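Two complexes follow with chain A in common, the first pairing it with chain B and the second with chain C.
Now for the complex of A and B:
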């Protein structure tokens, strides 16, 4: 009951289900929700695999068409239809993969209208569009042969398409030559970012030749796979010819790449033992040298196992070549590594699965291969979801595959950020006490502050004083703050409540971070779990949620002040939140509100004393601090780079 | 609290996955059923369908009048059970508040007192339904394992939901009970398309399906003959 094909199709449908779930999140929440792409690595798996490798894998279409229609090797005619179908599906996968990768996918038609003829990408876009059209026309006769299209109008179209086969094939070869190589040319604008082992001024030649070799091997591999799954007989007499051709092409590719390295003087780099050199040798060996050498042996060329191994090596190796170019050997800033997220992998696998399912459907229903697909039509089967058993295969398979797809979509949703991208929390930390200097900054009662160790300042300064280093989110942009000075100016101990709330036990001053717990985002002030404990569990609920007929929510509960009487002191700068259950504003807004309000008032009321510095940003923030505070700990080690703060 | 993180997962991704599984799974059932009905009708030798009888039988079973006629007590019990389990989850004020917070949709709610009453009724009805199934020999013999178990599984979110709403009755911690409530609710989403609970969309089709089941393809008689090795003999 469970044969190879059923297992394969179940897996493919499962991938399609996952793809559906990921797609919903991708197109509703954007690239950031599902990918690991960043400004430093904007080209990820979708470009490296779906576009770069996808186009190359589809090269079999134009290679086989040229072989049969242009070079007249009629022997290989049976390979043309599967090769064209692979190419068509491969290019569809490229277009669909591009839709996922584009930030604004609805603008994909722009190259048709807005021509930028200096751009390599424009050439690729136009060629791919045109070639997709050509491939559809080349494959259309296979569809029109089906009895469903028996009407005379379809037959007339079919007759016309057969007549224009040769022109179509020629256009297809021209377009393929252009954009297969142009995909390599794309990298010519980034010579500094691509490792020398992969960069070359003739990348486009490598891309074109490797695509021919890969296309030949891909035709072999998929022929072998479809005979494995459909029980066809392999056409063994065709294998040696294709094998020899592939071997020659791959050798040309190997020699070109090595000679190019030698001419540029970088050949030594391939053997210096760095990870790049090992990767280069592994890639070149797997994609070309090993299969090309094996294919020289006649026994390997004519055996199914030998061809299966060689073609798999080339296919995987050439995919690796494309991935190395666009991801691995492409430099990124330190610390900006890229590895695809599972969602990216799922989309790539899902798109390929869709293509394989369409391929299988066409093989089963159209005359793609000479032999009819051997599908067992009426085997009884069992449906786990409805507990229906012993139904004919044609009824069982839609049930089985739809169940697999629905289940895998649900499982994928379990791990997707379906709740929506949550805000990134930036927790804040307590100010730290440091020693520093206070230096007169301008005439009047106004000082600049510097951390101890800033030599040029220590000359002119008095003895060190304790300062607060306020660095809420620890991003090295800190503000030095003379706490003692503020206490003096504001009027001694009585003035604490100007900045601090005094509602902690023993009248301790509550620190800013206890309420403003996030740097940028507002934070809920209310801790429900704490109150549940304080009110001793379930019996305490009615203390706040007294009306049983209402939904238990913030809005319907008793207000804080009903229990916490008189929490406010007089003379607060911060106003009480307007709504009953207001959130604490973010740390940055709170601190700015607290400091700037007072600074502006003082500057306004006593302009002579503070010059016109006090209400400016650089009263607290120095314009030159950038980048110098990463080495902030230990504080005393700071070199002549001066950390400045207002007051 | 350790349950907080689990609870967040259950209320977020698991809930959406379950809802998607239920909607897609039930859609799949409807699609397969409709496809099967069309297929059987096309192949049927006798294409006359007694539409009136089929429609009236469908309505009688859908609105339980047939069930009440057959077994009054059991029918009444299932009727109030169904009313409770359909109304409470959809029209509970607390659930509507969650929908409003999540996607901004809201609709009129039942008064909380009525919801509480219906919740208690649902739990009691679920238990008595199982008892009635076990006690009567005919229904016991017709029942599969899931016929006994599903009413009890359906009752779990109602029982835990009652305890969540009424903390004074709740012997365990509130968070734990909420966790159980959401977990059992999510579990139901996943069970609906793969158990008898899918009758919520399949019930309207049952009468036409069983009617069509007796409309054999015109060539089936001769095929039976072939299968028995008695081709071309009079049946």
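Now for the complex of A and C:
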């Protein structure tokens, strides 16, 4: 009962089930929920495989049509129908794949009304649409031959279609030539991003020639596979001819690519050992050099195994070429890598599975191959133990396959991000903490901060306190900051909002100068009288107010940082190393990224001393609205030791 | 209306206050930042930031935004004309036309267009140089907001002259180059800088050739390919078909030719009909 075909179909239906589940999430939650695409990788697997490779894999249609109808090589006629069916399904797969990939798939018809002759993609879109029509017409006779369409009207259409076969074939060849090559031209616009091993001003030539070679090999592989699954006899006499033709085309392709590299002077790049060069050699070797060399041997060309290996190599290698061009060989910034998510892979596999299922359906019900298709056995089978009559295959298959599909869809749903994409949070860098002193000066309430080890301060200082080193004014200078002192002065736990804004995630906190800007306000950081004293009275004025003709104001005075550069001397302002930034964060990031982390750790390490306050979400988020975490309790009373010292 | 409006960004004047970003967000209603995966820093361009200020080592700040190229790659790439170069100069985006193929994002040499990855109806986002303000005689919101006059707005000719003047006045500070004057065919957003701005584009040297010209080399070959391929295939069919007809006539004269038995001797029907059908039906039966 379980023959090769049944196993294959079960697998295909399982993929279709997964596809159905992913589709729901894809179309309700957007691209981000199921793909790994990003602004640096706008095109991923769905373009690279479904569209780029899909169109190339379907090239067998026009190649075989040209071979038989135009060049009159009649012995390959038996390959035409399967090749055209493959092409038709391949292009349908491209269209369906595009529906998944387009952000606004319901606008897919827009190229029909908004013509943009300067866009390569427009040319491709128009060609693909027209070619899909041509392929349907080319394949229509196969459908119309079915006894179901015996009525005269269908027969008249059939007769007409047969009459226009040659014009259709020629139009199909022209359209294929255009868009097979133009898929390569798509990348001409990105010389800055595509690696020079792949970027060439004649990409379109490579794409066209490789499509011909790939088309030939795809016809071979497909013929061999259907022989395997349907138990047909392989037409061994056809293999050597196709093999030789493919070999020639592939050699042309190899030579062209290498000569192009040499002309551009980048041939050395192919052998410089970088991973791109290895990838390039691997791709070119697998797709063309290896199979083209093997095919030169007559024994390999005539053997089924040999052709199976060669055609598989080319098919996989050319898929690799398309993927390299559209995904791998693109420049991306550090940390923006792309690898397709399992959902993307599932969609690609699912669409291909659909195509194979339709292909099998056509083969079983229409005259695609010369030999009749081997259909699931119709005869009923018996349970060996009870001799109970089991369902005949005809009824059993739909049940079996729907069960497989539904089960796999259910399993897939378990793993899908049904709630949609989560935007990632920027990691919050922990501010640098230093031990330091707070020094009271003689002139009233002014405090100065100094880091530990600053000798001249240590005598007058009290015990060391934790200080934050922050880029408080976002002007690339570092200041020492007494967080605990600010919390105290601002009114304790409820004062966070004063500096860290409550409602703006990723917002930065208020700059220091927003409070400390005026020396005549109590928040002044600048102690003018202290400076007068330190610079020895009136004589010292010119130290800061150097230009006597100007008004003596903050704007005209020498900047603080001019004198206060050395942290271990008499200054407070540190130069910030260019690569390290100590931006203070916004409220939400401060809470989530800094406060909670420490409190969780403290509560874990010293359970007696630190209560589990901030480490619980409901410390801030209203427990009564537990379903809506974003609803924040405006101000929740939490014990006074929550914010202590520097974080 | 200013003739060929442009923005001049002087990185030596920028203090990184991000007033321009705030103004831009308000003007265009971009909302809270929703950084997408892979985005290392919050202050990278995103669907919620049409412009942003990059922090470079040693107190340098660089405003990044759409260059509004004279011959924009994104406009030439877009197959439905959703990206448009307006007669006034700015490159704008028409979301009603967009189908979401994201070719513009691939095409842009500066990596400007950004996408709503987390939405079910995603759109492309990019700076429009506040086109809606420009046509009413206003200036872009970012320029208006800049407290340092690090970004200034004016006609491109004037700004080029101003840039030249600044470089000439302080040749020790500035790099002797107006970024955007010639790159990819010239852009409407110009930079003068004391640090290299390579990091703003995919490749340090983008060249002066307009990118659409590269694709046009291929697109201009479409009509000859249609004619040439069509004529070649038609001609080949005619010649081969005629030869085979003659050959089959010779066959009738008695010459032995090895023919696949599955194929009828007459090749005339070979093209127009599917000649195997009757025979195959026989064998199948």
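Here is the rule we use: the second predicted complex is superposed on the first by the 406 of 647 C-alpha atoms of A that agree within 3 Å, B and C clash if a C-alpha of one lies under 4 Å from a C-alpha of the other, contacts with A are read in each partner's own complex, and residues count from 1 in each chain.
Assume contacts are C-beta pairs under 8 Å (C-beta built on N, C-alpha and C of every residue); 3 or more make two chains touch, one makes a residue touch a chain.
Quantities reported herein were computed from a predicted structural model and do not represent experimental measurements.
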*Given the touch rule stated above, what does A:193 touch, chain B (first), chain C (second), both, or neither?*
second
*A:552 contacts which: chain B (first), chain C (second), both, neither?*
first
*In the three-chain superposition, say which chain, chain B or chain C, touches more residues of chain A.*
C
*Scan A:407 for contacts with chain B and chain C and give back first, second, both or neither.*
first
*Which partner does A:542 contact after superposing on A: first (chain B), second (chain C), both, neither?*
first
*Kindly classify A:173 by the partners it touches after superposition: chain B alone (first), chain C alone (second), both, or neither?*
second
*Given the touch rule stated above, what does A:165 touch, chain B (first), chain C (second), both, or neither?*
second
_Is A:37 touching anything from chain B or chain C once the two structures are fitted on A? First, second, both or neither._
second
*Look at A:74 in the shared chain and tell me whether it touches chain B only, chain C only, both, or neither; answer first, second, both or neither.*
second
*Interfacial residue positions of chain B with respect to chain A in the complex*: 1, 4, 12-14, 16-18, 20-21, 24-25, 28-29, 31-32, 35-36, 39, 93-94, 96-97, 109, 111-113, 166-168, 170, 173-175, 190, 193-194
_Sites on chain C touched by chain A in the complex_ = 15-17, 32-42, 45-46, 55, 57-59, 73, 76-81, 97-103, 105-107, 109, 111, 114-123, 201-203, 206-207, 211-212, 214-219, 222, 225-226, 229-230, 233-234, 236-237, 240-241, 244, 260, 262-263, 267, 270-274, 276-277, 280, 284
*Under the touch definition given earlier, write down the residues of chain A that touch chain C in their complex.*
27-33, 35-43, 66, 69-72, 74-75, 77-78, 98, 101-105, 107-108, 110-111, 114, 116-123, 125, 141, 145, 162-163, 165-166, 169-171, 173-174, 177-178, 181-182, 185-186, 188-193, 201, 204, 331, 333-337, 367, 370, 372, 420-421, 423-426, 474-476, 504-506, 578-579, 581
*What part of chain A is in contact with chain B in the complex they form?*
21, 384-386, 395, 398-399, 402-403, 406-407, 409-419, 529, 532, 537-539, 541-542, 548-553
